[in-house]
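Consider the two complexes below, in which chain A is the common component and chain B and chain C are the respective partners.
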Partner chain A sequence: MAPDQTQEVALRADHKLEFPYVRATGPILGRFFTEIRDNGKFVGIKTSTGRVICPPVDVDPDSLEDLSVEDMVEVGTSGVVTTWSWLSEARPKNPLDKPFAWALIQLDGADTALLHAVDAGSEEAMSTGMRVKATFIDERKGNIHDIACFVPED
Partner chain B sequence: MGDRCAVIGIGQTKHTDKRLDVNQTGMIRESCNRALKDANMTWKDLDAVVIGHAPDTIEGCMTPELYQAEALGMVGKPLFRVHTAGSVGGSTVIVGSKLITGGIHEKILVVGWQKMSESQSTWALSPVIPFQPALMAGAGGFFAPHIREYIRRSGAPEHIGIKVAVKDRKHALRNPFAHIHQESVCEEEIRNSPMLWDPIRFGETCPSSDGSCAMVLVSEKHADRGSAKPAWIHGTEMRSEPTIMPGRDEVNPRSGSDCAKSLYKQAGITNPRKQFDMAEVYVPFSWFEPMWLENLGFCDEGEGWKLTDEGATSMDEGGDIPWNCSGGVLSSNPIGGTGTVRFAEAALQVRGQAGDRQVDGAKLALGHAYGGGSQFFAMWIVGSEKP
Partner chain C sequence: MSETKPVKYVNTPICVDFDYTPGKATSNFLRSIKKGQLIGSVCPDTGKVYCPPRSYSVETASPMTEIVELADTGMVYTFCIVNIKFYDQAQEVPYVSAYILLDGADLPIMHLIQECEVEDIRPGMRVKAVWRDESEWTESMENIKYFKPTGEPDAPVGEIMENIRSKSHA
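Now for the complex of A and B:
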C-alpha cells in the first residue's frame, strides 16, 4: 500500500468568509441604544396594559398594535437579579475575561428582565434577588457592548 | 382543490433602496398593517401567518421569523416560513392558500420581504471560495449565457431587451409603490447604460430593494369582509428541477412549462394570451420577458420576442396582453417579497385596485415567480369571479 501523502500534497489557504452587514434599528430600539450611549440611561416601553418592557419592543405584545417612541419611559440603571448561571471559564468574546454570571436583570421600574453579565467575583456572591447596578464603557458607540457589565450594588 | 380561497387584503411598502427609518420587522409590519386594514381585520383575527424570505445570508440574520413571531401576532399560533430562493414570495402565497383550501384555517396572512440594504446580496450569493476562480458574477453573470442562447436560437434582434426595459420602467411610473421611477427612460438611455454582463446592460437589470408585501387570504365565508371585492384563486401550482442535470434546457425550463400547463388545466386556460387580461411575470433581466412568453405558452417557441416587439405586452402601446403593469421586477426587487408583489399585482388588477396602472375590466390575471437558476417556479391565477 502506497504511503498516504495527503499531508504533503494538500493545498491550504486562509479563508475568511464575511459579508458587510448593517442594521437599521428602527425608532424604538434606536432610542434605547442612543440613551445608553449619550446619557448612560435605560429606557423601556409601556404597553396598553401598563406593563413596562425593557429592552423595549416595537409591537405591543398585549394589543398587537404598533408602539411608538411616545410610549417610552425611563427605568433605573439598577435592578434585581431574577435568575442567573455561573460561568467558571469565560470564553474569548464574553463581556468579561474572568469567571462571571449570566443573569436576567429586572431594572427598577421595568416588568421584564434583560440578559447581561454580573461581575460578582465569585459564585458564592451571587443570589437570586440580589441588587445590581450597570457599569458602562468610556467610549460608547450606541450598541449593546456599551454596557460593560453589572456589579453588586453596595 | 377543496374549499374556495379569496384575497381580501393587500398591502405593500413603497419599495426603495434603503429603509433606514425602520428595522426588518417594522418594514414587514408596515405591509401587513396595510393588508389587514384593506381586509377590515386586526392582527388578533388571524389564524396563522406564512412568511417568505430568501436565503438568510442576504441579511445575515438567521431564521428571523423566530424572533419576529411575537411582532407578527403569532404567540401560541402557527407561523412558518417557506424557502424556495427567488420564487419564495410566490410559493409562500401558495402554501398559505393551501391552508385555506385544505380547510385547516379560515383567515391567514401571507407576507414576503427582504431588506437588501442590510448587506450586499451579490457577494452573499456568490462567496469567494479558495482554489476556485472568483466569478464575482451574481445573478446577472449566471443568467447572461441563458439569454445569449435564447438570442441565438430565436434570432431575436438586439433592441428587444431594451424595449422590455423601457416598457416596464414606463409602467412603473404609474405605480406609486415601485422602487425605480425613471422619468426620462427611453431606448437611447437604456442602450447607453453600461454593459454589465453581455447582453445585459445596467438599464436592463432589476434593482436591489428594501420592501415587503402582504396579503390576507380567507375562506369563502369571510370573502366579503374586505374593503373591496375579493380576488378569487382559480389555480395555484409549483414545480422545481435541479440547477444542473444532463439535457436540462435552462432557456426554456421544463419545470416552468409543466407548471404552467398544470396551472392552466385547473382554470380551463387553453389560450393564455386571449384568456388572461394581464400577467405579472418575474422578469429580473429584460430578456426574460420573451423567454417566459414562450415558456408560459403565450406564443410558440421562438416567437416571444415578436409579441414584445409589436407592443402586445405594453400598456402604453395598448397591447392586448399587458405584462408587468406594476413595473415588474425590473422596477422593484425585494427578493423574498418580489414573488409576492407579482401575485399581489394580479390580485389588485382583478379587484380593480390598481390605480393608474389598472387594466380596464380585468377579470382574470396570472401571477408568476421563479428562483434559483431558473429552477423553482410558483404561479397562480386569480379572478374577479368565483372559480
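Now for the complex of A and C:
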C-alpha cells in the first residue's frame, strides 16, 4: 500500500492546556480573601507613608520593609473607576457572560486600584471617574471570584 | 457569615484552549496512521528520514516532498521511568516513556514501553508497536497503545546513532 499523499480538508482538534496552580496566599492576602468571604468587606494595607494599598501587598513599596496583618485597614466596597477597557465580547472564563468593562477601581479609602469587571450595560455608560460598588456572590469561597462584579452606584 | 478558617490558599488555574490544526505534513502522518501506516519525510540534502514528517528539513530548510513508509518496529534510543503521578495522569506508575527510533527513521518518536519490567528496558532494546483494534483507529498516535520488546538481540545503538550523525549537513 502506497503512503497516502492526498491533501484533504484540514484536520483540527481541541487541545486544552491546563496548569492547576494552587497559590499560598500568605497571611496578608489570606486576610484580604477571608474578609471578602466572611464579611463582604475589603481590606487594604497602610504603608510607612500612610498610603493605603488595596489589594494589600506583603512588602511596603515606600520603605521596602515587610508589612504585617497589623497594618491592614478596612476600605470601602464602593469606589471610583480610574481607567477601563470595554470588552464587547466576553471570553468563556470571564466573570460575566455579556459585554462588560475591565476596570481599575480605587476603593474609597484606598490610594491604589483593584482590577475587576464592571457591569454597566453598555460602553456609553462607562466613564473614568464614575462611581461603582461591589456585588458579591452568595456562596463565597475565599477568592477573587467571590466578587461577582462592580456595578454603577446609584 | 459564621466564623470559619482563614484563607490560606487560592486556586489560580491557567487554562489555554487551543483549536489545533496540524498542517500538511502532520495531517498526512495522522491520515496514514488512521490506516495503520507510519510515514516519514526525507530530507533531500542529508537523506535523513523524519518521523513524524515535517514539511521542511530542520537542518537545511529544504522542502521535504518525498514520503516513505516506515516499519512499526525499532529500538529504544533513550527512556525515562516515571515514578511520580502528576495531576490528571491516567497512566499507572511506574511506567516508561521512551524515545524509539523506528526502523528506517533517523529521528526518534516518543511512546510508552510495556509488557516488560521497567528495570529491563535499555538503549538498543528492540521493540514493536502494539496497535489498538483496527475498528478504533482514528487520526491519532493513540492508535498505537504502546511498544513492547520483540526479544530480538539488542541493536548496536552507538553505531546507529553515529551513522545518523554522519548524515548531518556540513
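Note that in this section the second predicted complex is superposed on the first by the 134 of 154 C-alpha atoms of A that agree within 3 Å, B and C clash if a C-alpha of one lies under 4 Å from a C-alpha of the other, contacts with A are read in each partner's own complex, and residues count from 1 in each chain.
We take it that a residue touches a chain if its C-beta (ideal position, glycine included) is under 8 Å from a C-beta of that chain, and two chains touch if they have at least 3 such contacts.
These figures come from a predicted structure and were not determined experimentally.
Participant: Who does A:T25 touch here: chain B (first), chain C (second), both, or neither?
Facilitator: Both partners.
Participant: Applying the touch criterion given at the start, work out whether A:N143 contacts chain B, chain C, both or neither, answering first, second, both or neither.
Facilitator: After superposition on chain A, A:N143 lies in contact with chain C alone.
Participant: Applying the document's definition of touch, where does A:D66 land relative to chain B and chain C: first, second, both, or neither?
Facilitator: Touch partner of A:D66: chain B, not chain C.
Participant: Contacts for A:D58 in the overlay, against chain B (first) and chain C (second): which applies, first, second, both or neither?
Facilitator: A:D58: touches chain B, not chain C.
Participant: As a test of reading the superposition: which chain, chain B or chain C, is in touch with more residues of chain A?
Facilitator: Comparing touch counts on chain A for chain B and chain C gives C.
Participant: With the two structures laid over each other on chain A, which partner does A:A13 touch: chain B (first), chain C (second), both, or neither?
Facilitator: Both partners, chain B and chain C.
Participant: Quick one: is A:N39 in contact with chain B, with chain C, with both, or with neither? Answer first, second, both or neither.
Facilitator: In the superposed model, A:N39 contacts chain C only, not chain B.
Participant: Name the residues of chain A shared by its contacts with chain B and its contacts with chain C.
Facilitator: Common interface on chain A, chain B vs chain C: 11, 13, 15, 17, 19-25, 29.
Participant: So in the complex, which bits of chain C are touching chain A?
Facilitator: Those in contact with chain A are residues 1-4, 6-22, 24, 27-28, 30-32, 35, 37, 39, 67-69, 87-88, 139.
Participant: Across the complex, what residues on chain A touch chain B?
Facilitator: 11, 13, 15, 17, 19-27, 29, 57-59, 61, 64-66
Participant: Which bits of chain B are touching chain A when the two form their complex?
Facilitator: It is residues 19-26, 29, 33, 42-44, 57, 59-60, 70-71, 73, 75, 115, 117-120, 123-124, 127, 129-131 of chain B that touch chain A.
Participant: Quick one: in the complex, what on chain A touches chain C?
Facilitator: Listed in rising order, the residues of chain A that touch chain C are 1-8, 10-25, 29-31, 33-34, 37-39, 92-93, 140, 142-144.
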